[in-house]
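Presented sequentially are two complexes of chain A, the first with chain B as partner and the second with chain C.
Let's turn to the complex of A and B:
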């Protein structure tokens, strides 16, 4: 069976190579035969990859310990669903998942444009196939998941306990759907440059693909944060860990692109810039995979270390060089059609927004890679971690928040004084009011106050945007307010979807503000009956118990929680000892209310029988998750615009 | 409207934000947590000490608490821990020597980016107004940017696109004739 797996990947490599060559030949000669052949080869890669995945899954589920990958990442006592998801627990399997999603995107692309005869789409498929060459090659020759052990061990080494969490079952596939998806916009951009195409039609198509994977990447990042919050047990959800940063960077640049692409669509400007952003987004998502999988930087993901780093770096360098060369070579194609009217305008604000997104990405990139750089230069090992990013990224992000309020109320082309007054006075006024309201609650310091001001400002501009839209349509329609809002959103899904995404982002900002600045902590050893005070809470230890779970034994502290003297709940923070791992794992106890989370960790049981309890109050954490849901909702609305266009397109023969 | 005022105010605001960097974020956290949240656990967990529950982290927390009880300053406590575990436990590198780069570069890049964006935009605006005057000189009746009705705005944009294309084609024709 393992031979079949290896063969299918090898055939996949051959098919990808064939696809690139055949389409290139077809594009050069104009013959349709080679183009068709190349498209079919892309389909074939998808089929072969699915076959490889099925074969590896079969081995994982059967715990076939003759496979090295199975022996390294599963064990016989591992629950079945975790055996299934251990496909992406290690490097080889993760790469296979990458390839699976990549080839699925390739096929989905070919399917979506199957009726288009334009060779432009073949060129796009060729670029996708070129990326497939890299991954199939890597999986065939460098990092094969089908390696066989000469003497199979009686049992495997087990799955990393950190990954034995429901969040880990869906987080990687969703994150990868985002990461990998950026290959399609990249392929579009490269095809435009290769074929010297002008026009803005492709940019609309790219916008939809980008929005799709951008949404998935965002959800993937938030799921990762949620997983870290529940599973890592340090009281927070975002630690500026290299791998977290790696997923944030393509998201940031992708967000910048989604904004500036509007300028290209409406005004035909910033073409070079947009193509650069697309290429950068793709390269950063490759770089993210490189960071996670190369072990260059130690992090919680260091279980994925290996020797594929140089290959990745080589591929990223080649892709970056090719993209840069193409952009420079086709400079004339990318010349702007339009000229600016005024700096203070929607276009201008988008450009500044882009500067901030790229600056935020740069700061993250520099901070993430700097320890390696500094150690190489000075010889001293240093850390660049949360304390750094909180100081550097927070002010840039807050500036971005303020711009989020300003951008959408500036009109296109130029802004008159009366527009400025009409659109800015009320939001600024309410922003100041919000700050004054927040002060007595203990909000001090420039950043928290700027954040509160910005949040109120942005929300007001969004509400005003909706109100104006409804007012403008009032003559045409009357009805209940909710109905009017719905019909307004339907009229311009992209704009109002975008507003809703902004609103979600503001909610996330508030959640981050609350949980980082106003977090409270207490810890201490507790004997039976003793209490720990934390803000309005009193935590009383009622006892410690031990019990057994499928592949782990648990030590659990029973803690009574009182708020303002009233009993609220009994919580069970635990420590788990997995049979295959020496490291004890924290099982956090969470008491969630809309306004705050009580977060309890059992540090351990001491020799004198007391339990070390670590407790946090994390205010407004739920805002982070709710904000994420709002963003997903807004993204779906903006994406649904696409379906309407599709239906309109269809009747044309 | 004085066109420079709003963006200038914006830039001033940003500079104020950037200038008011580090200490303002700190909140009424207890002194021990204020110190431990700046430190990284040197063992393999690599977490911020305030949220770390591994053995090394717990002993560092205890060292910080003892230091505070003994009346030591924040610098002294951190200094003692750094001499024990190395620079690697600082969550953010000391801003001196080579490591100054990581502190300055992000803000420098932001300001540089703004400056470049500003210059690019200004050049684009200027080129636009040159073209407009050229068009007016050629007898174009369009009074630019003053169309009173919102409905006309889309039309105006279309006109812009057409005009740009016409200009481009004219240029190409001229080049063709010269060639």
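Let's turn to the complex of A and C:
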């Protein structure tokens, strides 16, 4: 069976190569036969990859320990669902998942455009196939998941306990759906340059693909944060770890692109910039995969050093060079059709937004790779961590928050003083009120107050945006308010979907503010019946128990939680000892309420029978997850907009 | 042209501001990589405060007070040893002989690194040696 797996990947490699060559030939000669052949080869890669995945899954589920990958990542006592998801527990399997999603995108692309006879779409498929060449090659020749052991062990080494978590079952596929998806916008951009195509139609198509993967990437990042919060047991969800940064960077550039693409659609400006952003988003998602897997930087996620780093770096360099060369070669195509009229305008705010998103990405990139860069430049290796990112990124992010309020209410081209007054006085006023309300609650410091002001400001502008829209349509329709909101959103899904995404982001900002600035902590050893005070909470130890689970034994502290003297819950923070790894695993107990999380860690049981408990109050953490859900909702609305350039959105002359 | 100039000025202001944040950020929060040997053989207090050390937990050196919680151990690179003090819970993967990365302030008087961050590298066991060779 393993030979069949190897063969399917090898055939996949051959088919990808064939697809690139055949389509290139077809484009050159104008013959439709080679184009059709190339497209079929892309379909074939998808089929072969699915076969390889099924074969590896079969081995994982059967715990066939003759497979090196199975022996490394599973054990016989591993629950079945984790055996299934250990496909993406290691490097080879993760790469196979990458290829699976990539080839699925390739097929989805071909299916979506099957009725278009324009060779442009073949060129896009060719670029996707070129990326497939890299991954099928890597899986065939460098990092094969189908390696067979000379002497199969009686049992495997088990799955890393950190990965035995429901969140880890879905986090990688969702994150990869985002990461990998940026191949499609990249392929569109390269095809435009290769064929020297003008026009804005492709830009609308790229916007939709980007929005789709951007949404998945965002969800993937939040799921990763959620996983870190529950599994890593340090009381937080974001630590500016290299791997976290790696997933954030393409998201940031993608966000910038989703904004600046609107200027291109409306005014025919910023073409070079947009193509650069698309290419950068793709390259950064490749770089993210490289960081996660190469072991170049120390990270909580780098489980091993590996041999694929140079290959990835080489691929990124080649892709970057090709993209840069093409952009320079087609400079004339990317000539701007308009000039900016005024800085204080919608275009101006989007441009500013883009500069800030790129700055944020740049600072994150610099901080992440600083050890490598500083060593290369000065010879001294210097690393920066969370304090650096908080210092640099927080002010940039807050400026972006303010801009989120300002941008959408500025008009295109030019803004008059009366418009400024009409749109800004009320939000600014409510922003100040919000700050005054927050002060007695202990909010101090410039950044928290700016954040509160910004949040109120943005929410007000969003509500005003909805209100104006309804007012403008009053004459046409009457009815209950909810119905009017729904029909308003339906009329312009892109705009109002975007507003909803903004609202979700504001909620996330508030969650981050609450949980970072207002976190409270207490710890101590507790004997039976003793209590620990933390804010309004009293935590009383009721006992310690031991019990056995399928592949682990658990020590659990039973803790009664009282809030303001009233019993609210019994929580069970635990330590698990997985039989395979002989290593403790902290299992956090979470008591979640809308306004705050109580986060309990069992440090251990002492000789005298007391339990060491560490407790945190994390205010507003749930806002981070709820904000994420709101963003997903808004993204779905914006995605459901099927109409191309509507009358009101025709390019402004 | 007025707009182009204004735009250029605005971009410059943003670049300068971000550059300033990055430079001061590195200066104030940067941690210099050192080997255990380099740090242990210093004969005077170093100019910089923040250091980052990679090394291995010296077997038998771990003293853990779970109640505080306070973790003390010696870190080694095979040649020298240096004392590390960390106020916090012992990370799950922490154990004798494990690879750790420590960031914190070095106090020459105590010859100890007061760690603000302690990362335990996951034992390479999970992706590992020990399974022997591939079937050829």
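Note that in this section the second predicted complex is superposed on the first by the 631 of 653 C-alpha atoms of A that agree within 3 Å, B and C clash if a C-alpha of one lies under 4 Å from a C-alpha of the other, contacts with A are read in each partner's own complex, and residues count from 1 in each chain.
In the analysis below, a residue touches a chain if its C-beta (ideal position, glycine included) is under 8 Å from a C-beta of that chain, and two chains touch if they have at least 3 such contacts.
Being a predicted model, the structure only gives us computed values, none of them experimental.
When both complexes are superposed on chain A, chain B and chain C end up clashing with one another.
By the touch criterion defined above, A:90 lies against chain C but remains apart from chain B after alignment on the C-alpha atoms of chain A.
After overlaying the two complexes on the shared chain, residue contacts for A:402 are found with chain B alone; chain C is out of touch. Using the contact criterion defined above for the overlaid structures, shared-chain residue A:363 touches chain B and also reaches chain C.
Looking at the shared chain after the overlay, A:355 reaches both chain B and chain C.
When the two structures are aligned on the shared chain, A:285 is found in touch with neither chain B nor chain C.
The larger set of touched chain A residues comes from B, when the choice is between chain B and chain C. Once chain A of one complex is fitted onto chain A of the other, the partner contacts of A:574 are absent, as it touches neither chain B nor chain C.
In the superposition on chain A, contact of A:606 is made with chain C only, not with chain B. In the overlay built on the shared chain, the residue A:341 is in contact with chain B and with chain C. In the overlay built on the shared chain, the residue A:450 is in contact with chain B alone; chain C does not reach it. In the superposition on chain A, the residues of chain A contacted by chain B and by chain C overlap at 233, 298, 300, 302, 339-343, 351-352, 355-356, 359, 362-363, 366-367, 370, 380-385, 387-388, 391-392, 395-396, 523, 586, 601, 603-604, 612, 614.
Within the complex formed with chain C, the residues of chain A that make contact are 68, 71-73, 90-91, 147-151, 153, 157-158, 160, 162, 233, 298, 300, 302-304, 339-343, 351-352, 355-356, 359, 362-363, 366-367, 370-371, 375, 380-385, 387-388, 391-392, 395-396, 523-525, 581, 583-586, 601, 603-604, 606, 610, 612, 614. Looking at the complex, you find that chain C touches chain A at residues 3, 6-7, 10-11, 14-15, 18, 21-22, 24-26, 28-33, 52, 54, 66-67, 69, 89-90, 92-93, 95, 101, 103, 117, 119, 121-128, 130-136. Looking at the complex, you find that chain B touches chain A at residues 1, 3, 6-7, 10, 13-14, 16-18, 20-22, 24-30, 33, 37-38, 40, 44-48, 50-53, 58, 61, 86-93, 97-99, 101-103, 105-107, 109-110, 113-114, 116-118, 120-122, 124-125, 127-128, 131, 145, 153, 157, 160-161, 164-165, 168. Interface residues of chain A, counted against chain B in their complex, comprise 232-236, 239, 241, 266-269, 298-300, 302, 336-344, 348, 351-352, 354-356, 358-359, 362-363, 366-367, 370, 374, 377-378, 380-388, 390-396, 398-399, 402, 406, 412-414, 416-417, 420, 442, 444-448, 450, 517-519, 521, 523, 586, 601, 603-604, 612, 614.
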